[in-house]
Amino acid sequence: MQAYIARRLIAVPFMLFGMSLLLFWLLFLRPGNAALTGFGLVSPDQNKQAIASLEEEFGLDRPFFVQYGDWAWNAIQGDFGISLKNRRPVTPEIRSRLPVTAELGLITVLLTALIGIPVGIISAIRPGTFLDGFLRIVTISGISVPNFWVATLVITLPAIWWAWTPLWEYVRFEDDPLNNLKIIIWPAITLAIATAAYVARIVRSSMLETLYSDYVRTARAKGLRERAVVLRHVFRSSMIAVITVIGIQLGAVLGGSVIAEQIFGIPGLGLLVFESVVSIDYTVALAAIMVFAFMFTLVNLAVDVLYTFVDPRIRY
Amino acid sequence: MRESYWGRYWRRRRSRRSFLIGGAALAAGSAGLVAVGCGDDDDDDAPSEPQEPAAEETEAAATEAPAATEAAAPADGPMPGGTFRQSKTQVDDGIDPGLKVINNNEILARIYNHTHLYKVSTNEFLFDAATAMEQPDNTTIVFPLRPGMTFHHDGSAVTAEDVSSTWSRFPALLADQGSQVNEANWGFMDTITAVDESTARVDLKAPAASAPVLMAATSYGIVSKALLDQQANGNVQELDAGAGPYIIEQRDSAGVALARYPDYYAHENPSTHFLEGAPYIDRHETRIIVDRAAVKAAFFAGDIDYIPAIADSIEFEEFTGDDRFVAKEVASTEARFLAYDNIKFVDKRARQAVSYAIDYDAMIATLYAGDGVYDGPVGQALPGFALDQETLQSYRVFDPQKARELWEASGIEVDHIRIESSIDPRGSTMAEFLARQMEENLGVTAEPLIHDVTTYVARAREPIKQWELFVVPYNASTTPEIYNMTMMNPDAFAGVSWSFGTDQPDASLVANAQKLIDLTAAQAQEVDPDLRLQKMEEMQLFALEELVPGINLPVPGHSWVVYNSRVGSFPEDDVLLGGLLNRTHDMYIKG
Amino acid sequence: MAESEAAAALSQQALRPAARPYAGVLRFLRQQRLGTIGAVLIILMVIGAVAAPVLRTSDPEGFGVTPILESPSGSHFFGTNREGRDVWSRVLYGGRVSLKIGLATVIVAALGGTALALIAGYLGGVVDFAFGRVADVLIAFPSILFALTLHASLRDQLPNLGQVLAAEEFLLVVAICIVFTPVIFRIMRGNVLEQRAAIYVESARVIGASEMRIMWRHIFPNLVGLLLIVMSTTLPAAILTESALSFLGVGVEQGTPSWGADLSGSNRTYFVRAPWIAIFPGLALSVTVLAFNLFGDALRDTLDPRLRGQR
């Protein structure tokens, strides 16, 4: 198992290398650059000079691989360069925004597990009942509703009905934890609708698979209470599927943060990614997306490792 | 109401000097918008453009009693305390007033002192850091500074040295650091000298009719020389180097919080706009809210006090008749320019064809919900200089048949028209509208290309354009020549962005560009008001006749201001035109 | 990530094509009531999209063709928006975009993913390894982010396909395909490998069938059932991705009716006053995705024998 984890760990840098190369290339393809737009009204001559001096300043006139190598070398040392748009160093910006999105992701995943797993279990132990049918419809609706629509309705409808809206001035967790949670909870709920529904479905189907298996029948036969059967035998074996899905759903949550942060006014990484990608601020976009991808990769690695603890049968 | 307002304004008797200086008066500007990061309509409080208000005016013009503001002494009069809350859509790109003037107005207008402000609605100068503006001759302006002002960072006094060093660094900032402040806004200054501790003198290169107006802009905020000298990079992008009524308490990706500067000198009420004993409000908070639906929801819920960028009369109706809000219709401050890529549209007939292919009345009916007027090179916000509606209408004729004939005759090799616009809601709808008009009336295919502001500006500046037409929004606010120079002057923006410069290969294009440069310069330096008007008209008619470098599209008939009624003395008439007049220090929160 | 669910639910055994297709359909209708509802909704939605020119009440892309911001009524079922366009008509046409892009994406991604899986499974070794790692890299990006970046980068570089797909739509298809192909590839590859080891493939090999023939005649037909399941779960995901991109302003051409785009841009200014312009496009999108999900669920239950009889 240690060998397996070591192998996975070794793969991580290669993955990151591949991802950054791909991203760098994609952004390299894109014409234009954010630095150009900083200048005010200049004459055509000044414009040409400005372009030339900016390209030199940011090294944009160098060949692709030189630029990439330079970037990668600095990135490894934790320096993502400076923003083309406002010339602020990128790393502190990322560092200040990362905890915000991480918190949103964490709370969403918590909500996902807290809602998704019980709903799935209830559905699975009473298959074919009215309750099961109802929950099936609820969960399948949950995965069908786009988060940007839900978010829009959540901020708009209460404002129409009660002149109330769950948008508050953002405060950092370390400054005011309670108010911070009050703010974060709404985007988290919005994002958790789909992921919780998804997890509930997986829990249900994987539990159904095991509920009728021989070892469960044996457990019942030896007189274990149903509760113990379900929790100890059935649910435990479904945990693998659940963990996998929660891991994968984190990708959806990270992607969803782009939308939720925009609508709910949360100053996180998702907002930064969106703004920098569309505004051709390469350095920021590159750093922010890589941080996202890195988080995602690590979570999936953690998921793989978790398997071994949940299911002793798995030996890598 | 617009008529009577401007009627009053322009009927006013004025001295020759007042005309000369402020002749420029009101205005439009911010064409720089594009240059700078345009179309940022739903920015914070005021139209976010490089150069804001601008002032004019001399003693003579002050003869008429300015319109009373509600500061006059309402029953629930000014009271200290409270927080003013607003929103904006983006984090600022830095707060050095000489370098960045986009997305940070709520900071620049409050942490920095300005020698004077220009109050658009009453056409008067308001003196702040300076106690007066003396003009011994046509090329000299002298500012005696107010005693008792101190900088936030160390409590040292504001001196003429600070003024001189702050303003002298404009050229270097543009050349070396990518300043957003256009040369047109300071190019008229030759030298700035500190005559003594408290007197600054500006010598102009040549008579400049609009200089005092331009000098009342956000970018002229006084920065501490001592602090500036300590900076290795030569700017105060991330520092509070001001002496204004508010100091920065917090500034990050969530927004900006400003707190009252306890050592700010007390206003002795230099005008009706300023509150005596101000500032009253303790804190000014600006939150970043990107989404428009969210901004509205927050405003309806009472979470923010001011809602920027009301789109049209339709949206305005949502707020009228609700006593939680004050909703007011004010003079229009919006302008739209449709630029050609002049290299492709070298043949005048092709330009005419495009102009004939646009149904201007339908545009007013649909995009502006019927409340719109025609516009010319000098905007409708400047009625003294703007051409009248009849004249403009004669150049803005919708005639699809003629359009097609001219299009065919021109032999232009364009069968697909790409219309670039920024992602601001009205701009993108307008591009879509125009694309439809081109398809229907020119027999070409057309597509609107919507880009975010940064990309859009980059696409304007590329030497080889990837578009045929370009829709630019800008806000009226400074002076006629800025209005023209930014959008239309080949020496500046038109040269860079619309391929309309004297460095182009085509002879007719160069001739047109040169002509427009000459005409623009002539009116800007003309000191006689009547002659200036004539020259300005000549310039406008030339641009209209030749359709260079683009078309001034119709504009909305009004702008709209809506704020929470708990705010007192809100500068409703000036907030859109004069960014600096959106001063928290002149407002108060009702009890 | 609906794909992984499909994968998780997949059986070890081969999915044999139904002997009598009718029987399958009948059984489906009898046993899968929710699936049948889904199928009916899909059919309605397809009819709405195809017959949009007939069912519409006004030009969805015209300016001021209806009164502005009118609430839902007999003549404008879903109300009208600020541009004076009938929301009902736009919802109908929006279905066209979603369906077109969703289908195009799923077909390309499914075929591409399967073909690559077959190639990887057939050649094995270095090719298999290389494909696998590329897929790893592509999957490691959160899908919306990756599609957003792809779209932003390729925006000015792709050709216009004319009548079938506008440039923007083509770009959306490309971006979404690149997101979903590796996922499908992964699922299919696992199964190709399983099939290769199956006894019937062994026997074919023993009687001297070429690898090519084995792939095409033996393995591929056995993947069809799985492919259908994967496609049915990818389709709603693709539609959601398309609408999210359009919502973020990097989707269809300005003005083109699209459920995602109609929830963004200038429309957002008027949501408080005219909530119907927010509610109906979102509802249409949700119901469509729901219908495909219901149908996909039922399809999987029917096609996957192991799950049969569990409810």
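Which chain is which? They are A, B and C, in the order written, and residues in each are numbered from 1.
Heads up, the rule we're going with is that a contact is a pair of C-beta atoms (placed from the backbone, for glycine too) under 8 Å apart; a residue touches a chain by one contact, two chains touch by 3 or more.
From a predicted model like this one, the values you see are computed outputs, not experimental measurements.
Under the stated contact rule, the graph of chain-to-chain touches is complete, every pair of chains being in contact. Interface comparison, A-C versus B-C: the higher number of contacting C-beta pairs is recorded for A-C. Taking the mean of the C-alpha atoms as each chain's centre, subunit A and subunit B sit 41 Å apart. Chain geometry summary: the mean Cα position of subunit A and that of subunit C are 22 Å apart.
Look at where the CA atoms of subunit B average out and do the same for subunit C: the two points lie 47 Å apart. Residues of subunit C in contact with at least two other chains: 156, 249, 268, 271-272, 278. Those residues of subunit B in touch with two or more other chains are numbered 291, 293, 296-297, 300, 452, 466.
Shared interface positions of subunit A, i.e. residues touching 2 or more other chains, are given as 31, 152, 156, 159-160, 278, 280. Listed in rising order, the residues of subunit B touching subunit C in the complex are 291-293, 296-297, 300, 311, 314-315, 317-318, 362, 365-367, 369, 421, 423, 425-426, 428-429, 431-433, 435-436, 447-450, 452, 466. On subunit C, the positions that touch subunit B within their shared complex are 61, 63-64, 68-69, 82-84, 156, 167, 249, 253-255, 265-266, 268-273, 278.
Across the complex, subunit A is touched by residues 31-32, 35-37, 50, 85, 90-94, 100, 174-175, 178-184, 237-238, 252-255, 285, 287-291, 293-294, 296-298, 300-303, 451-455, 457-459, 461-463, 466, 485-486, 491-493, 495-496, 501, 503 of subunit B. Within the complex formed with subunit C, the residues of subunit A that make contact are 14-15, 18-19, 22-23, 26-27, 29-31, 127-128, 136-137, 140-141, 143-146, 148-149, 152-153, 156-157, 159-160, 198, 201-202, 205-206, 208-209, 212, 241, 244-245, 248-249, 251-252, 254-256, 258-259, 273-274, 277-278, 280, 285, 289, 292-293, 296-297, 300. Residues 31-48, 50-51, 54, 85-88, 93, 96-97, 152, 155-156, 158-160, 163-165, 167-172, 262-265, 267, 271-272, 275, 278-281 of subunit A touch subunit B in their complex.
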